[in-house]
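Below: one structure in structure tokens.
Chains: A, B, C and D, in written order; residue numbering restarts at 1 for each.
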């Protein structure tokens, strides 16, 4: 079949990476880019002199495209994606899919009615290291999952129209949902507003999953060290995913605490600890964004539901909304409805 | 003056380190050790063949000692320390000082009445790296303190009669109180019982201090990596104390976010980030326990209140009690009375 | 003035990076790419659909270019660069400039006669971290330079037509020459042929500079760890440049050994050691290759000698030749003629 | 049988560690310590108040000891060990066994004649991590050994009566001999005298073993970073021993370059690289010095030749002598006679 004609709306921080990948995919043609800023249009021109460049994204709706990528600031995700779907275009929208669950539900409904592909840019669902972790969980190599601890820390980037939750926690929550593949029962969160009175720049989340699985997330715009780490503690083994190193991102620890078979009535039992080998598997790394873009094209062509479909985007939004309610109400315990 | 005659009660995990230090201090004489276990008595004999070794700690009360060190399991801290004080002995008791604040108050009252020194083994109050951090805070080099994040993680050691809070958080709380030198307003905590149904092996604490200073503690008996880290984020600079490395324990980051002088009505402001140098000061390291033991002797001789006196021990206990209440009641917000 | 028209010859491992940079430089136009392989031509087409793509590099000589970049395998550097100069094109040739000094001298002579710019791709001369090291040396902040130790280790990539010396040591030697800015007196080298009987895959070099400055280089195609490190030990301070980390590439150690003022006749002196702070300066990083390409354009426009001119390329070649002689003759001491 | 009576001669830098271990070994009794310095005698008294302490080591020869440990400065190793043997005492002497091979041969001869145990303190022969490496070599898990690279770097400690070769390389050479278990064919070395005109403070050694196995050693008293690393590159796997970390000292890399089965006449072959997993085995760590002291006692009791017997000490000395000759003669190639 022919290659798909793709346009990119929003050429700011992330848009250039999406444009580059679609330009390089054999099964796609990058034919147009829209951005409000003259500077960004110029940046795009130096990379893609031959394609359509416009400041009005509406131009992309009348030129026979198959799909558009929405990489605008979050506030514009909903209206732009909506228009694109109404113009019968398949849509890949950056995370978070929208700013609230109602908007997300509308987009899902619209894409279902029109039989269009709606996909969210949850990059980690296409990350080889995350795939490896999921494999260790599903193969039961880790045993039962005790808890997951996730940290995403750095200095900045502050955004006016968002907070650290919607900027960073969105990644960790999408990883959690992808790994555990079930809906959490409840969430509570604690937020701090350090630099600005009205912007959360640090947050701690507790997410409770079925089967007594707990997850704790720490996200911060105000940490001296760049940290992107997920630790999964199982009853048999433990895994750490360190995403700031270029190599050796995954470590499997054959460590644990074994309960004694028998403990007498006087609580006088002994633990046995396992201190086994540490393994650093050679995970072959392919640029996750490349995988993601290819997956978008394949989902359209094969009419299959993408791994990070609109409903996945909605699941993340519902958890972010609950966490924000909890932060605003003094760390209340928010039960999730599914 | 003469050297002080010191006895050590409890020669298990930590006792040998205390015994060694008092044996080596010129201003002290280690003259007796008591432990219930024959094995430990034998271990003690191989190191100190010449001193009194007994299985009954009461023997230490009739031999003209000046002071005793209580390094028993936590459950015995209170009764043993109480007897020692009643026998007019100065007491250095390991952390946590007791298992509840009422017991701690009794010991404080008793030591006050008798004019005896009561000191708790909050080792970090005698740690050069912690001193350095306190200096950076007091000199205002860090600016206003935004928040403190502390993590103390490892695999084990599980204890039957304690939980991770009383085993590990006791360190972080004593560090926090020492650094900020004020009483927290409230605490909330989230605990997990992974390996045993009735023992908390992981806990996350939020401690709120005056002036909007927040502290978050993560303690775990169930982590694959050994972590002992305190991060202090100030408005001017940030400090990280990494206690698992042998050198370069302290790093000062000249990093931060500067608010714009002026922000127009449309929230259309720009941040400026400072990415300055990182400095690793050459902190001269002296064994903290050695400093602590010397400080105990000096406090007795000079009749001065030790840095980690009984009241400091009580402050820590009150926070641990509140945190435990919060964990048991589903992470409630516990206001602290002082 | 107009932008310069640039063509790239050789689109294999490194060519694409050069092409990308010249395509993005405002002061240059990438107008043509030549490569022998259909695959590479296709790869180039996906990135630069609009430019001339040819399998015969001679095509680039008849299309009014200002300059060409020679990124072919080393064996072709000399003939291709020679033809380009004969066609009055300015030339940026990848390192090593040629396979022997005679060829390099010819290219230099030719470019001088024709008043053309001849520049070698010694990327490190355009690396901010290397600039920082040079600054510390020139400002005498390090004191007198005692020695420099450099290591460039990795697994592969083996090449049929080269050895580890010409592949890796070329980098370290160009760094050394740039930092010390003087010609070495002599060189000796020890090589190993581990995987193939006729290819050196590991080499150790000793390079002696005036003023008793010694440099030791370790290059290997056969090491499990990726290492790219330069250590400069001065009488006052020491610097380490670690090029495999993304941040904190440079560390300055205020450490050293101070000689005693007076030492009596019995050699009974005491040393004093300085263990001062470690500083990690915030070196602002700009892609070195981008700087290099801009410098090439500027040198042509301003008719100035590039920092890494042909003569610099020749200096490196002469040291590589001497080192190879030494390796082949059992680690002989090779004096260098300048 | 009874425990052995042991005396320690020399209570400076290393002596206290030896004394402590023998004091704690059930099969030995520490009964006397000799040192020339009053300070050291006092230090010893605070640890061992009950034993004989003397400034004249001859006192130890008349008190019915079974063995002595010689931990004096290197210059005194030979005369003191000789006297001890002449007094029919078993001897454990610190490394290097003597200052030249002739002295070492004399001690060996003397101990043989008298049927006494003569052992050298090559601690690494008793190090669990080194044992693990030897196991990987002997099990052929690494394949054929291509080369070994060893580095031992630090700031100081300078010694008046020695140079970096006799202070640090002695460790690496004993490790090499222990691992490869054969005599090297030749050695060449390059030394630098940075701080003092007459003291080598940096040295690079090349040691050639049979079967084309090469070893390169880098020792330095003048490096900003503390490095103690041994890398073994085999045809199948590679191992790195990092001795400055507290845990994860050994890493096994399943990496390598595989030669093509068939290479046509035109040298047009392809390599295949193996990038497999990295394994960090859980090596159970027991204090090497404890193992060493126990081994000394066992060798005496069982009348067996110790792993690090006098002849091992002599082998190391001969290589050090040859390396020093090479350094003094401008890095000559010194063939070793065995």
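In this text, contacts are C-beta pairs under 8 Å (C-beta built on N, C-alpha and C of every residue); 3 or more make two chains touch, one makes a residue touch a chain.
Keep in mind the model is a prediction, meaning the values are calculated, not measured.
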| item | value |
| --- | --- |
| Pair of chains joined by more contacts [C-beta pairs], A-D or A-C | A-D |
| Reference chain D; chain at largest CA-centroid distance | A |
| Separation of chain A from chain C, taking each centre as the mean of its C-alpha atoms, in whole Å | 40 |
| Distance from the mean Cα position of chain D to that of chain A, given in whole angstrom | 53 |
| Of all residues in chain A, the ones touching two or more other chains | 275 |
| Residue ranges of chain C touching chain D (in the complex, touch as defined) | 146-147, 149, 155-156, 158, 160, 188, 190, 192, 194-196, 202, 204, 206, 214, 216, 218, 221-225, 231, 233, 235, 238-240, 251, 253, 255-257, 259, 267-269, 271, 273, 275, 330-331, 333 |
| Parts of chain B lying in touch with chain D, wherever the complex brings them together | 23-24, 26, 46-47, 49-50, 226, 244, 246-247 |
| Contact footprint of chain D on chain A as seen in their complex | 248, 254, 275-282 |
